[in-house]
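For reference, the structure is listed below as structure tokens.
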Amino acid sequence: MFYVCVCVCAGLLSQLSSRSSHARVCVSPVLVAQQRNNSTTPKVKVEFDQSTGVAVMHMQSPPVNSLSLDFLTEFCINVEKLEMDKTCRGLIITSSQPKVFSARLDIMEMYGKSPERCGEFWRAVQEMWLKLYSSDMVTIAAINGSSPAGGCLMSLTCDYRIMADNPRYSIGLNETQLGIVAPFWFKDTMVNTVGHRTTELALELGLLYSPSEALKVGLVDLLVPEDEVLTTATKTMTKWLAIPDHARQITKSMMRKPTIDKLTSKREADIQNFVSFITKDSIQKSLRMYLEMLKKRRG
Amino acid sequence: MFYVCVCVCAGLLSQLSSRSSHARVCVSPVLVAQQRNNSTTPKVKVEFDQSTGVAVMHMQSPPVNSLSLDFLTEFCINVEKLEMDKTCRGLIITSSQPKVFSARLDIMEMYGKSPERCGEFWRAVQEMWLKLYSSDMVTIAAINGSSPAGGCLMSLTCDYRIMADNPRYSIGLNETQLGIVAPFWFKDTMVNTVGHRTTELALELGLLYSPSEALKVGLVDLLVPEDEVLTTATKTMTKWLAIPDHARQITKSMMRKPTIDKLTSKREADIQNFVSFITKDSIQKSLRMYLEMLKKRRG
Amino acid sequence: MFYVCVCVCAGLLSQLSSRSSHARVCVSPVLVAQQRNNSTTPKVKVEFDQSTGVAVMHMQSPPVNSLSLDFLTEFCINVEKLEMDKTCRGLIITSSQPKVFSARLDIMEMYGKSPERCGEFWRAVQEMWLKLYSSDMVTIAAINGSSPAGGCLMSLTCDYRIMADNPRYSIGLNETQLGIVAPFWFKDTMVNTVGHRTTELALELGLLYSPSEALKVGLVDLLVPEDEVLTTATKTMTKWLAIPDHARQITKSMMRKPTIDKLTSKREADIQNFVSFITKDSIQKSLRMYLEMLKKRRG
């Protein structure tokens, strides 16, 4: 985690830009408000530097930033607050958990749950995608760990993706490996990023790419050493913020609106479709097997 | 041809996987039935290995596996039989003819024929494309020779394309070189594979790519030495079959359905369009010149 | 400029093909007619070589071939004349101005002008795009200098793009850098050429690419030394003209018609949209700042 790194690892200090030091002073009012309201540790920590107009959102939901209903709700509230704050022009998303950016949708939200609860969960996944993919802010994913499934989707919604060049990390939409299926708007987002054929191969096989493979197919835009991911994201943000906001926003909307409109118009049907699929006996059985496999791996 | 190779070229034996040896025992009932029903040599030979769930379809229509009406009919009947056999999960398509995978549509089906016959032929070409592009099986093209026009189209319908790394071979939709035009669904399939601009260049110029060029633009996925094409296809199939069928099938359908629906809804108009184009005097003249050129080249 | 080069720089003579020498004899009737009709220097000079069926259009509107209303009108009249001349099969577009192919839309047509005049200007930009993108001729851009914004759009409409390999030159749709926005049909043309993601990045950031970067992303097809751009275009044209015209034209139309139809059906709305955007106070202010910046740079 960012703050902790600053305190614990003095050796990292030289790698932090002056902007980062500045951020430590201007602690976000959003963050403070949020910390007061929740007795439990927040799953998301926001640092907003008013001098630069850039917010950094640290995902800190142990162990692997899974996209649970609680996580997504808190995440979306924070994105919406920043979106409505006209002084916030850029958003960097990164992880405070070691080795992982965000690992998949939370399987516990899909296993053994009522159709109503599954539907509520899926609506929250849609909401995260809709908010990020249509954001007026410049959004940069600082991918400082593995990023399968839901984490990959979150990255794909951003304007730019910078990944740690660590061959142990991987990124991709690997749903078919679990016996489930990436829905059409996951697919559309990936096609918009890496094209039709790479998406076909990736989704049919549930491929997870190493950072260098991800760079090659265009799933990420830049690889940097692990300890430079956030500083590079900050530098890159400066370049993006040099472009007049209104021109960039209209352009972004022109590129993404057809894809966004498609989900918006089919949102309820997509929820129905997800619920009826995920509550099938055969799919529940696949998920149970996957969960048992995960348990064994940890144990 | 596969079986013959086993018998004649002992040197090849070491390259054959244990799975192949197994296949020699489990001779396909489909194959046997087919050989009984036809007095003439079948244009397609199917080996189905029930232990792996993988069928290998050898095209054996001398000299160059042209897509004639007879060939297409036999080909489609075999694909349909395998599709309906729920124990068959994967299909590898390859050629028994030396140096060629499949060369083009059979020009004799388009030259000097009645509009009715031309229409019947075109419907069979559509049928092959529809069956393969929408197949629930994993389909792999083991491209062990040149693959122009119709042969390229057949390859493009597969989930994966492995080509012999022999610079004498080529692959591409070269219709314009003959003065004819690849229809919209040939074009759509190619755009889905290599993107819009590469397709525009390829179709306007009727480009034939060498294996290394084809790999570079994404027209094929893998190059291997000529005598390893089929064994590599078999190994690759194992990887694909590790993915749960239903998740892969739903994903494949999601990627391809819009393209398939487009032809299905315009099928009769596409036949009309083909017939009125191909029976034009100017086009018939182009075809005659091409046929004479072919004759001279052989002679 | 081509002719002047022949006269002034004897050293270049050896690089000129025999076709070029021939062109000096067969002076285009279009060109002669045009020179008679205009008392002022024409902004476009056409050389049509009837022996090859290839016209070369030299843009010669100092200082930087900006796309003004006058320039576009003259340009379109010439393209239309060539299009209607069935003996003209190919068109090469190049620049007679040093260091620049064509720099952007003429900002003076957008700054401080009446809505009517802005609308008239925009209709002319649309007309250029429509004429070139749907041309039955083979069109090759011989990009012998920088080619930002409007110049890049013009290049993108061609069938093939050959650029001078001079790292001082750049090409791209950099509208957002000026605080304006590339409209949907600029975007569509770029997506058709380099794909969705590269276009998203390029348009959001207003990227200008060096020749080698442009080649890498597919914005141009070939780089050659600066003094070989036109001769290479001529040689490349010969290859394209070897394809039967009707097959190539039908194929080209199949690839481009959906994009063309989209603008045709939204043409008036696109003009309204442009006029109401460009006449906004905030946009006029952006343009004034840009003009002042240009002045300072020159001064």
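Each chain carries a letter (A, B and C) given by its place in the written order, and its residues are counted from 1.
The rule is simple: a residue touches a chain if its C-beta (ideal position, glycine included) is under 8 Å from a C-beta of that chain, and two chains touch if they have at least 3 such contacts.
On a predicted model such as this, the values are computed, not experimentally measured, just so you know.
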Size of the rotation, in steps of 5 degrees, that lays the CA trace of chain A over chain C: 120
Residue-number overlap at the chain A/chain B interface, same or different (half cut): different
Mean-CA-position distance for chain B and chain A (Å): 41
Multi-chain contact sites of chain A, meaning residues that touch two or more partners: 195
Residues on chain B engaged by chain A in the complex (per definition of touch): 159-160, 191-195, 218, 221, 239-240, 243-244, 246-248, 250-252, 254-256
Of all residues in chain C, those that touch chain A in their complex: 175-182, 184, 187, 195-197, 199-201, 203-206, 282, 286
